[in-house]
Amino acid sequence: MSRKLRSALGHSTADRIFVRGHDLAGLIGKANLGDVAYLELKGRLPDERESLMFNAIAVTLVEHGITPSTIAARLTYYGAPEALQAAVAAGLLGMGDRFGGSIEQAARMLQEAPHDHDPHQTARRIVEEHRDRKQPIPGLGHPTHKAGDPRTARLFDLAAEHGFSRHHVQLMQLIGKEASKETGRELPVNATGAIAAIASEMELPWRITRGLAVMARAIGLVAHLQEEMEEPMAAEIWSRTESEAASDRD
Amino acid sequence: MSRKLRSALGHSTADRIFVRGHDLAGLIGKANLGDVAYLELKGRLPDERESLMFNAIAVTLVEHGITPSTIAARLTYYGAPEALQAAVAAGLLGMGDRFGGSIEQAARMLQEAPHDHDPHQTARRIVEEHRDRKQPIPGLGHPTHKAGDPRTARLFDLAAEHGFSRHHVQLMQLIGKEASKETGRELPVNATGAIAAIASEMELPWRITRGLAVMARAIGLVAHLQEEMEEPMAAEIWSRTESEAASDRD
Amino acid sequence: MSRKLRSALGHSTADRIFVRGHDLAGLIGKANLGDVAYLELKGRLPDERESLMFNAIAVTLVEHGITPSTIAARLTYYGAPEALQAAVAAGLLGMGDRFGGSIEQAARMLQEAPHDHDPHQTARRIVEEHRDRKQPIPGLGHPTHKAGDPRTARLFDLAAEHGFSRHHVQLMQLIGKEASKETGRELPVNATGAIAAIASEMELPWRITRGLAVMARAIGLVAHLQEEMEEPMAAEIWSRTESEAASDRD
Amino acid sequence: MSRKLRSALGHSTADRIFVRGHDLAGLIGKANLGDVAYLELKGRLPDERESLMFNAIAVTLVEHGITPSTIAARLTYYGAPEALQAAVAAGLLGMGDRFGGSIEQAARMLQEAPHDHDPHQTARRIVEEHRDRKQPIPGLGHPTHKAGDPRTARLFDLAAEHGFSRHHVQLMQLIGKEASKETGRELPVNATGAIAAIASEMELPWRITRGLAVMARAIGLVAHLQEEMEEPMAAEIWSRTESEAASDRD
């Protein structure tokens, strides 16, 4: 019994190309890149406030400076300069559970929470469950921005202004407050928590939210490779690491 | 002798995050995703016409329907559902010489051409050189859109309207005309040729132009994986391929 | 506070190269590839029975015919023929939770089980726990080899003959028996279960056991790419998939 | 017009599994890992001297200590600990033109050379052609092992002893001598040159020879990830690189 293969994302005829049912020639010069990403994920173009909010999320995720992922991309380019795409891919491979994964875990936590209960109670229960399982709560805290993640404030302001501050955003904020109370230390919502909440307001399924970081970071990785071509660091990192790692021999 | 490691792309302080010298909180909600990609590559935000043109290029490259790259991503997700980023990466790995590479080759051809000569003569020489080396000219012709690529017309119209139709665009167009005359068949400039020419007008170095396809396609791949979650084809492609490949045994 | 970087795997001097403390020139022509893999993972060369058993495991994992992983590698090579390594990598990316992951899960189950209890009781408890959590038991059953996996019999025979049939192998076998009794259908130990058990006898930590499949399959993927060069299927799979997926439009 | 999909590498029936026509159960415990790699690539099991020589080549390529590729794998594992396969893949992605590629280039040079001419003359012509194109000759010289690569001596001794020192090995050696004479500095055949020559004696097509490094290095990468689990360096490399790269700000 064979299953029919189907895809509604794109197709072409001899003189036209369609993306999610839209004539591509009509999108070019009209929709910006974030809008087309929204179209791809949601099946329709965003309205003005959706466009602003989705672009805001994506922009937040493009560039985080020197990270394990950008170093891996640079090292890969050093060995395989014939295949820029492989260096970007190597960088993306590190966007796993520790990085992009935290958006996914926070979005899952929010989307699986009951939304017909008192949200304060739901937040308390979520905090308690994580404490009992000795798991960190996804979307809270940041090693550098201890007093509060500057991206969160900005994203939540925009969400409030443009109508995306509903159940999920409220619950994420309450979880942050409960966790801070419970642990006695500041555990503010971080950028991944804010993005998870707003993506949930946009009804993006949690399983795909890691993809928001992946698509945005692909842009940042291309920029890192461009910088690596002009101001390389790969060979130097290799040389230092190799000589130190071998230094206590004999 | 050690080399200093430097990067100017991003860095953080306790309360701020910078991308290419811009405060990220100021970009969020103001700049769209394509604008931040431009900032990343060029070191400054685009003006209005640069924003429109760069977004137009990027939008063109997001989605091409079912391709070897999107099938590979879906098959990878089937085997490794724990790591969405790896499925996107697998899809990007196929954006090599045959696909994204043609932008790079066309951009290189244009950027290495002398721009102080008569462009008709330069175009003729380029066509002759490829004929003599029996190499196809990058950026020309399309298996489906034989009469003309609908993306090219749109991109070149926008380029003309917004001041990006200068040396490189003109040379690409002349190469298309010369090649058609030389071979006696229509060899119109395709989307990758148009993008290579406009990216060259934006002074993006040819070595990075493959990255334009890579960053845009990362978005499309995330959308394909979202579709694969709801309307899977990986197992069916596997099953059909395996049974056919094994069918002439014994 | 800086952490010293250390690696004991390999280093070079002007005239010698060392692998895990062994002069590489002395390994070349003496140790086979499986033996050096064992050296890499265990820090010492295998004795005769360890060599035989470890090579047996690795050989089992090299080639499984047409799989999602080998198709993805072929499709990637089609798009990026300049980078064979990227096509192999694309194939490996699909060796995740669904495939290579099952070795890891089975090895974890065995290594975390108490080995000071009655093994029958331990096996029963493991089967019950999986039933209660509605989780399949890793290492049992096979869609094709319903009556018994031909690899398992061979691996367990060798294990018995060469002294690797101890706690872990016994427990894996008991789990298979208990699960078959419990569910009323044949759930024999499959190849990944057998490999997980034997790898556990070799004291390979469960976290690395997925790597056994990864290293062996890299060999198989290179062979698939060699076959793809001579007898290609990528373009055909693309063309069929694309035309079927687009066929119910208009 | 549809093309039939075919593969001769592996297939299964309900009770047997075949690899290149051999019953897998018969290979397990009989053939070592290198022999099965040979079977996969050549379609038949090696005889004794082929087994020794092929394993020797593969063993040479397993482990090179700390390299860009192993660092990239470790950094990727840090970000995506859920997917060991992705970290191995990231490491392999750097086995491109600069590393694995040199085997391919050397094998191509040897396999495309005329073998009905005087080999001294052929070697001279190859050296001259590279000099005229200002290209380095693949397979010669080494930054560390300036006086001679210890792997080369061993591999060529084995090749001589076991009947693999014929046209290709001789030509590679002559190219090394000619290049040293021509340039006035020692340019001994390095390990990749020796491997390229011996692989050519085995009639492995040059397009697949990069795959020899890829398959062997997959083993080494798994070992590096095992070491990274116990003796991590990724976070430290990240932290040092990030703080240095950001240090000349303000």
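The chains carry the letters A, B, C and D, assigned in the order they are written, with residues numbered from 1 in each.
Please note the rule applied: contacts are C-beta pairs under 8 Å (C-beta built on N, C-alpha and C of every residue); 3 or more make two chains touch, one makes a residue touch a chain.
Remember, predicted model here, so these are calculated numbers, not experimental data.
**Q** Please state whether B-D or A-B has more C-beta contact pairs across its interface.
**A** Result: the pair with more contacts is A-B.
**Q** Counting contact pairs by residue number and requiring over half to coincide, which of C-D, A-D or A-C is equivalent to B-C?
**A** Match found for B-C within C-D, A-D or A-C: A-D.
**Q** How far is the middle of chain B from the middle of chain D, if each middle is the mean of its Cα atoms, in Å?
**A** The answer is 31 Å.
**Q** How many angstrom lie between the CA centroids of chain A and chain D, rounded to a whole number?
**A** Spacing between the chain centres: roughly 37 Å.
**Q** So what's the Cα centroid distance for chain A and chain B, whole Å?
**A** Distance between chain centres: 22 Å.
**Q** Can you list the chain D residues in contact with two or more other chains?
**A** Touching at least two other chains: 5-7, 11, 65-66, 80, 82-83, 85-86, 89-90, 93-96, 233, 235, 237, 241, 245-246.
**Q** What does chain C use to touch chain D in their complex?
**A** Touching chain D from chain C are residues 2-3, 5-12, 14-17, 19-20, 24-25, 27-29, 31-37, 40-41, 51-52, 55-56, 58-60, 62-66, 83-86, 88-90, 92-96, 100, 104, 144-148, 150-151, 153-155, 158, 205, 207-208, 210-212, 214-216, 218-220, 222-227, 229, 231, 233, 235-237, 240.
**Q** In the complex, go through chain D and note every residue touching chain B.
**A** These residues of chain D touch chain B: 4-7, 11, 80, 82-83, 85-86, 89, 93, 241, 244-246, 248-249.
**Q** With touch defined as at the start, can you tell me which chain D residues reach chain A in the complex?
**A** Those residues of chain D that touch chain A are 65-69, 71-72, 75-76, 78-83, 86-87, 89-90, 93-99, 101, 233-235, 237-238, 241-242, 245-246.
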